[in-house]
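Order of writing sets the chain letters: A, B, C, D and E. Residues in each chain are counted from 1.
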């Protein structure tokens, strides 16, 4: 509850700024149009016009709100014009990709912290893999997977996983190496196996790092899914909504889809945050 | 078929050699270069073998040898694209974005009010997917590298912010109490305690951001660009089915990205030498 | 029933109405075909899809198909529902451009991803450099939409008669503020939306048989769509899974597309083909194709289909 | 001793809330500490010594009662930089060298560079760590780390010095030496010192006042005023009759405090 | 004492490389420890006591010389789970409760759940921490944490117990009690114990053998065999003539060791 007032304050400030930017960015068009028509416009006319353009450079907050409202409540959730429908498609691929990516990231991190050979050989290539602009080759990946008969959710999830595994990997390697010498020495005196060291020391002490990475990872996973939706025959999902909005210059539709996607990401990040709070509390790590 | 068998045999042999090398000489300098190199070579040979052995069309996936030939033949184009995308777009965006994230993290951290108000909204705004933002930013900042830098800024901001906020909270109670007894001012506490303690986390974010910066700059070019740049070249070359050129560009991206990452990791080593994760490596 | 997969060049819209109409009206199933239509997208290269085995037949523009053929991907035109080109360059009058002679010194928006060939050929014809400078034009890689013109980042942008041009109009710019240069009128038109298959497949009589049925049914679809633009637009809307298209826009697109398909019975006119090849090979240092293609088209299918 | 006490606690209470129910760490603490006093706190482990010191330094907020320092609240005194605190654990910053750690408070309090260097050198040699300034904390033994943390607290001129078992990890001989040094420093500067120790002789040797505490809940069992002379005391005062008597009283108090337990 | 020594060091050397040049932490250490010995290490801070204990437990690798434990290498002995180690700092895992921390070695060594619970209860009561099992480490006082870490080392049956200043943060009375308990445990089980302390009386009271070390570079100054009877000793043995004599010898040795310094 303590959060409501600050959030609202900041929100109000942002909306104010946004309206200002709306006028600033959209007025060029208004002036151009007036000039083409050979008319003079007063400033107040400009303000009114910039808030209600059909193809604004920056849509006004109320236009986006209306677009969102229309998208969410304007029709049945199962309709293909519903943002809920597209959001669900995107969410399912995001979650699948996130699960895949997190699993892969953790697995690799475990391998890297336990095998010197893996540390030396995998890490540089994991890094290199991320510098490949997956977004550039996503269409090719989808084409190749489609020719192997893999379509639907999986190709999107794979691309999402590709983007989300890396933050998890980097954070997890750091976290698994975070235990200090004394903590490790203690287990050494017990001659604890690598497995025991992992479960009883490395994993618990990696938790803060893991969760910071997971938050980045879900957001990345969502981006991956949307990227994969752009060219994948661009049919369903928020990515497809974005694309078709772009294609027809429907700025309001782009922004609605964008906000829907951001809301989705924010919810996912918050959920990870809640799980983090619970976990750390149970581990006695928050006071 | 024989290509295929050769590739697989080579792969097995190299893996065995690598395991042995890592065990026996893992801590020596030359081995640290040889092992990843060998691993990479293995992947390339496996790739070549698969492409030739399975007769995969070069329009789908070219063999490394074809890529190498194309690379050698188009160094001029590659250099021009590198300057446009990496030096102008990615690097400037990275510096601005990471700088902004650190500053905002500190601002947020300073004021509980802002923290409660901005962090959730910051989370939200920063989670706007890049692909949605890119066309908008191209619209706002024009077709040249400025819009690419803007995309990179947006893209690297969130990971760095999240890690920096976590890092600023990473001091332990004793460390904070000490500052309290000195009645250190906020800034003193920040510079002498919280920033150093945050460094391991910050570098986590900075490393992730290096790869994101490249991706961001390249992808933004898909949404409009002058007729140069790596993203432009990749998408155009795909359209022209010049896949070897596509992969040459990707190679440049991978090399630049690894170098960039390596540089940040090196700085990390120098700055956070005291952290157990770095000390364990001696 | 036999399976056929068709890969489109772009997203679901009235540009491809004929195929959707044939599907919806049952022309395909009547011919004993089970047709799957895969929409395309900005980064989907249909040539790549067919090379990967992801489609039996693709919709493509001839310049891209011929370029792919020269790159070693043997595509063959089996039918040509579009008789005319819909490409044009749309400029703001206020930029001062009155004829192609005025292009130098201006910024032009161009589609890439295999769609740049007609433009490059045209500039070759005109002898205008595309590297910028005072006597050349500065080329922008144009994104999905017409914003560069509206925001005056480019003096001219590429548009299709049936699509982007109307978006400019819809945005509130009236036709008399614009000046357009159709590729048809400039004598540099190249063939658009044709049907292409892999050359190897044509050696298989069963495949030829199947394609004949497919082309025949598709052309029926096209002719129906030409005659009933409103219904065709409704059908397209039905198949659009993004839910983004509007009736108004699709109906107008259908009307405009009908002007391009008019006069084609499906069979490629060899004269059009020759003209396209000439345009692509002519001029400049950097022609799109360097030698006359052999066997890049066939009438075998359309003959069998009785067209 | 007419002046108002520097530290004045009245009915101080502190209860920690834990996952496992509340812990009553301090109960009804009444205590006056005069300016220039050297007060030792002694008592079984867990009786609240650290907690009380932390209250004085405003690191912990009492849940009841009153506490004033120099007539102000503990918080205000902290803001006025009245405290030098040696924690029970060394708590050196791992990213700073030993010299850097000792320099830390000096940087914060705005000493000049010259002054910093001079003081660092002085206190490091006081605790026998000359030549270790460039090492990092993890390169030092436990006792050396503790000495570094003592040096850190002595480097600047705090009016009130709070020391939580500072000499716990040191051997007798170093300990004797540091005890002497501390007494010298104290009598030269007229600081007020709060000192937690487990060693009865150490408490008696150093203090003007010995506070014996007892646990569960932590409270003051007895306050013993030392009759030994103020100011630097010779080490062999520890063999005097008077010394042994006081030590005996402390031991008895401690034993009695423990007995509550059973 | 005909059997081969449990721990046998010959010419042991250890040099740390630091940013600031090499540190010679152990020099030419020769030492035999027999099965069932209780050996105390005493010496100025930084003389290498911890380092030597760490070498025995194979946590540090000597840069020269030989070391065998039970006839094997220290590494092999560690693999055979021969050691219980109490570190100088408590080093409890912050994410585990006190009971969880004590249980840790039991889980690793595969004791049954029942056995685990029984042992945890037993050792927690041994160190006077009944009722604190559910608390987290940071909710305990310094001394309590140290006792928890002792409990952790006593929970399982290690043949060799290495204790690095285990009672440093405890008051006299608890310390006496734990000293007694430790002696009882030792004579009941015939463990071999290596014990670092700064308290001369403690060393003399507990040990069969006292190793006096001196610093820079760390080496053995003197090994004093105790003439006190083996097995449980009454606390008032500390007033005996014999005891005071041995304590005197240790003090002299310590002083001499310090003197090298100057």
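What we mean here is this: contacts are C-beta pairs under 8 Å (C-beta built on N, C-alpha and C of every residue); 3 or more make two chains touch, one makes a residue touch a chain.
Just so it is clear, the model here is predicted, and its values are computed rather than measured.
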Next on the checklist: For chain A and chain D, which third chains touch each of them?
Outcome noted: B, E
Next on the checklist: Strictly by the touch rule at the top, which chains does chain A share as contacts with chain C?
Outcome noted: B
Checklist outcome for this item: Computed over C-alpha atoms, the centroid farthest from that of chain D is that of chain C
Next on the checklist: Using C-alpha centres only, name the chain that sits farthest from chain E.
Outcome noted: C
Checklist entry - Of every pair of chains, which is linked by the largest number of C-beta contacts? => result A-B
Item to check | Whole-Å separation of chain centres (CA-atom averages), chain C against chain D | outcome: 86
Checklist outcome for this item: Here the gap between chain A and chain B, centre to centre from mean Cα coordinates and rounded to Å, is 17
Next on the checklist: Taking the mean of the CA coordinates per chain, how far is chain B from chain C in Å?
Outcome noted: 38
Checklist entry - So what's the Cα centroid distance for chain B and chain D, whole Å? => result 50
Checklist entry - What are the residues of chain A that contact at least two other chains? => result 57, 139-140, 143-144, 147, 181, 230, 246, 284, 287
Checklist entry - What are the residues of chain B that contact at least two other chains? => result 60, 135, 139, 173, 222, 235, 238, 275, 279
Next on the checklist: Among all residues of chain D, which ones touch two or more of the remaining chains?
Outcome noted: 19, 89, 136, 138
Item to check | Touch relationships between chains, expressed as pairs | outcome: A-B, A-C, A-E, B-C, B-D, D-E
Checklist outcome for this item: Per the touch rule above, chain E residues touching chain A in the complex are 54, 57-59, 78-81, 83-85, 87, 89, 91, 93-97, 104-105, 107-109, 136, 138, 162
Next on the checklist: Using the touch definition from the top, list the residues of chain A that touch chain B in their complex.
Outcome noted: 2-3, 5-11, 14, 25, 57, 115-117, 119-125, 127-137, 139-140, 143-144, 147, 166-167, 170-171, 174, 177-181, 208-209, 212-213, 215-216, 219, 222-223, 226-227, 230, 238-239, 242, 246, 254, 257-259, 261-263, 265-266, 269-270, 287
Checklist entry - What does chain B use to touch chain C in their complex? => result 57-60, 135, 138-139, 142-143, 221-227, 232, 235-236, 238-242
Checklist outcome for this item: Counting only contacts in the complex, chain C reaches chain B at residues 42-43, 45, 47-48, 51-52, 64, 67-68, 71-73, 112-116, 130, 138-144, 147-148, 151, 153
Checklist entry - Can you list the residues on chain B that touch chain D in the complex? => result 174-175, 177-185, 188, 192-193, 196-197, 199, 272, 274-275, 279
